[in-house]
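Going in written order, the chains are labelled A, B, C and D, and every chain counts its residues from 1.
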Amino acid sequence: MELQLLLLFMIFAAVVAVEVKDLLSSVIAVGAVGLGLSLAFLILKAPDLAITQLVVEILCLIILIRATIKKDMPLVRDGRWFFNTISTLLFIALFLLFAYFALKELPCFGQPTMRVAREYIEKGLEKTGATNIVAAIILDFRGYDTLGEATILFTAVMGVLAVIRRAGRIKDEK
Amino acid sequence: MKILPFFVIIPLGTAFLISLLGKKIKSLGDILANLGTLILLALSLYSIRLVDAHKILVYKVGGWIPPIGICMVLDGLSSFMLVTVNLVSFLVALYSISYMEKYTGKYKFYTLFMLMLAGMNGIIISGDLFNLFVFLEIASISSYALVAFGTEAEELEASFKYAVMGSVASGFILLGIALLYSYTSTLNMADISLVLSEKGSSLLVSFIAVLFLMGFGLKAALVPFHAWLADAHPSAPASISAMLSGVLIKVLGVYAIMRLFFNVIGISNTILSILMFLGAISMLAGVILALAQWDFKRLLAYHSISQIGYIVLGIGLGTPLGILGGLFHLFNHSIFKSLLFLNSGAVDYSLGTRDLREMGGLKERMPVTANTNLIASMSIAGIPPFNGFWSKLIIILACLQANRFGYALCAIVGSILTLASFMKVQKYAFFGKLNERWKDVKEVPLAMRLSMIILAMICIIGGILLLPIFRPFLQSAVDVLLLGKGYAGIVFGAIQ
Amino acid sequence: MSEYILCLILFCIGLYCVLRKRNIIKIVIGLGIIEYAVNLFFVLIGYRMHGRAPILAKDQQILNMVDPIPQALVLTSIVIGLAVTALIVAIAIRLYEKYGTFDITKINRLKG
Amino acid sequence: MKNKETGMTLIVKTITRLTVGLILLYGIYIVLHGHISPGGGFAGGVIIALSFIHLMLAFGRETALKKLSEAWASIIESIGAIMFLSIAILGFIGGHFFFNFFLNKGKPFDLFSAGIIPLCNIAISLKVGAGLFAIFAALVLFQGLGEKE
């Protein structure tokens, strides 16, 4: 039950983040969503993720606040705005309806199939020696994924350093 | 047997080394990037022989048996894509030696370039769904940064739009993967395929298919999701435009769609007709939008949408001939489209403008660029001896064979409009009277000329000679797709 | 079941924000919300009723653990989200410097 | 103009001076115990980066960049990445890419157990910590340059 309440809180905070005029408030509301997510991870028995989400959330907020300068733009409601909003909402409603019927075929909440995962839980300690099964998965069984993950962060750092250069081109001496 | 990991290790290693030492040693980026791509090209050519001999190779990363660990799979389709990607990237790296002199921070360019290559190679050889997603993100993120590499206003704007659309697409793909994991409780693609065929068709699987189609369709710039491409591809440096249009949209979009829909989820008539429809629409819309363009690179970018339409139409036919035509066109398009973008880069390098109306008579001043551009234009328009003609012919014949006369007509109309649009390029840019302003324009440096000439050679050889030699190589790629869900059995057979 | 739907509603709020908002920062926020929703969905499908966290303690029988795979995947996915956010914010700051506005409808030198 | 007065007020500075070391230590603890308890290289790396960012926010960027300049952060990041890749390649000793090549995995619950996992954690934390710090420094430095012009 507490999970549903937490989810409702997150949805509320997300709506606030989307609709509030002041950008700083909006960023802070997104922070609330992130912290709610961290709590949800804790309830869902994922302490690794809770820690990571918490610290990443802090960092994200610092970066976002760095970018926040002004207030939101005033809304312009011309004919096209109305049409576009309606079509977007229609698309989202269709998506949710389709999802509602499709999700019924998933295993019920709280009863995952765990075909492969059972193997990890039963043999993880003896095969890798790590007591934290998640660490055993990300760094041994699926270590190749983590190499990719580290590379993504590396790519982002390189990308930021490349984008932030003062001048992109060497100017001709004319 | 152990070459598979090196398709990822080599580009990653070179990228890290260039970023570590590139600032101190100026020429290190040029040397390492060219050497790395050359080795990768050699390895991928060698992989053709391996596939000939073994049919399929499975590499267990970390020594774990596949459903537990991640595996890499090399089969006919992967080998075909590897050759395409590494061939184009080697020539682009060669071209960049001179071309990127205009930009600052060249070593950052090479680092991002090698990371993008690592991402694409990783996607192609991955046999694990989530691993595919991770490498897809590496390739996408590096391409967002590379589009903005010039840091001018237009480039940043294009990059921002591209990054937002790309991230939404990734969100859809990841949601699809989550649903698929919950339904099958495994991430290995062969294993998923087995579980799905046991469970039979259901609404959930079609929901996942829609999510994947939206996500990968966005990455491939199929028509309802094409808006970002026309901004992003022209804004990048020319060598990156060549990579993006030439191989990136094909690996991230078309290859992933082929692999997932044919081999994992299983193809159905509904999906095939959706693919054909999207293909035909992209084909026509792209070329019609291209007709009105005066910016050289933007015109080429719209043609990319149109040509992706041909490829998807061919694959969507689902017949052996159609898939053969689609894959052959994929290869040809990556050759001549990268050549065209390199040409546009050469013109930009010498003249400093991309507007066709300001050019004229460049044939006298830049003979190599003009002649290679003529060859590429005839290729893309489908003039007989060149490679583009054969692949378009095969696609049209396949349409007729499958009794899809409407689509065949669309393909012919698209081809005629393409011809018209490239006549315009030739007329305004290279023929006609030389504009006074460009009197002392010089031909581009050697490295740029060399890579353009090699690409033009492949265009000619691909048309006349390669089809007989190429046939078994293409056929092994087609066989993988025709296998459909038999893929799982073969992968598990190879593990033992 | 209701958890899944609530999670997808969160996803759709993010989607709406990305598609309909004009401020660049709002769009970045929308991308963040999409990211959160997908991550949460992944962990939800791995949850097991009355399960334990997948960390072994001393002298303990392994019986009823939640699915560890989604957690490992989400760890990767969080990093991807952070990387994308950082890159997009960097691009947005440069855009602000060039155009002097965060309004996406005013940032339209490219068209056609 | 007011070069001496960079950063925040005295209270913030004093508290920062007291806590920054603890935050750094906590990050290192999280990294080293990643295979036994929740946490791991990534979370630990972010905490290490946050400790430097904390310093930068409180004392202004010069003080922080004196401790770890942007160029060095970039180099450490590359070294971390190469280290991780080398660990993966070293797996070829055991015959496979990414093979956990320590045959003796040590006693469970020990700090030195689980083969390559703690090593990978250290490499990742170096990479993540330095990388995120480099991103932040780049974004802040950019603002500084923008104001001068």
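Criterion: contacts are C-beta pairs under 8 Å (C-beta built on N, C-alpha and C of every residue); 3 or more make two chains touch, one makes a residue touch a chain.
Note that the coordinates shown come from a computational prediction; the quantities given were computed from them, not determined experimentally.
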Common contacts of chain C and chain D, by label, are A, B
Sorted by contact pairs, first entry is A-C
Taking each chain's centre as the mean of its CA atoms, the one lying farthest from the centre of chain B is chain D
In whole angstrom, the CA-centroid distance of chain A from chain C equals 2
Cα centroid separation, chain B vs chain D, in Å, comes to 36
CA centroids of chain A and chain B: separation to the nearest Å works out as 29
Among all residues of chain D, those touching at least two other chains are 37-38, 40, 42, 74, 81, 85, 88, 97-98, 100, 108-109, 135, 138-139, 142-143
Listed in rising order, chain B residues that touch 2 or more other chains are 12, 16, 19, 61-62, 130, 134, 137, 141, 144-145, 148, 151-152, 156, 159, 179, 182, 187
Residue numbers in chain A touching two or more further chains are 47-48, 52, 56, 59, 63, 66, 99, 103, 106-107, 112, 114, 116-117, 120, 125, 131-132, 134, 138, 140, 142-149, 151-157, 159-161, 163-164, 166
Contact graph of the chains (line, ring, star, complete, other): complete
So, in the complex, the side of chain B touching chain A is made of residues 12, 15-16, 19, 61-62, 64, 67-70, 101-105, 108-109, 111-112, 115, 118, 122, 130-131, 134-135, 137-138, 141-142, 144-146, 148-152, 155-156, 159, 179, 182-187, 202-204, 206-207, 210, 352
Chain B residues touching chain C in their complex are 130, 134, 137, 141, 144-145, 148, 151-154, 156-160, 163-164, 167-168, 170-171, 174-175, 178-179, 181-182, 187, 230-231, 235, 289, 292-293, 295, 298
Contacts from chain D onto chain B in the complex sit at residues 71, 74-75, 78-79, 81-82, 85, 88-89, 91-92, 94-100
Contacts from chain D onto chain C in the complex sit at residues 37-38, 40, 42, 108-109, 135, 138-139, 142-143, 146
Residue positions on chain D within touch of chain A in the complex are 30, 34-43, 46-47, 49-50, 53, 57, 74, 77, 80-81, 84-85, 88, 97-98, 100, 105-106, 108-109, 113-117, 120-121, 123-124, 127-128, 131-132, 134-136, 138-140, 142-143, 145
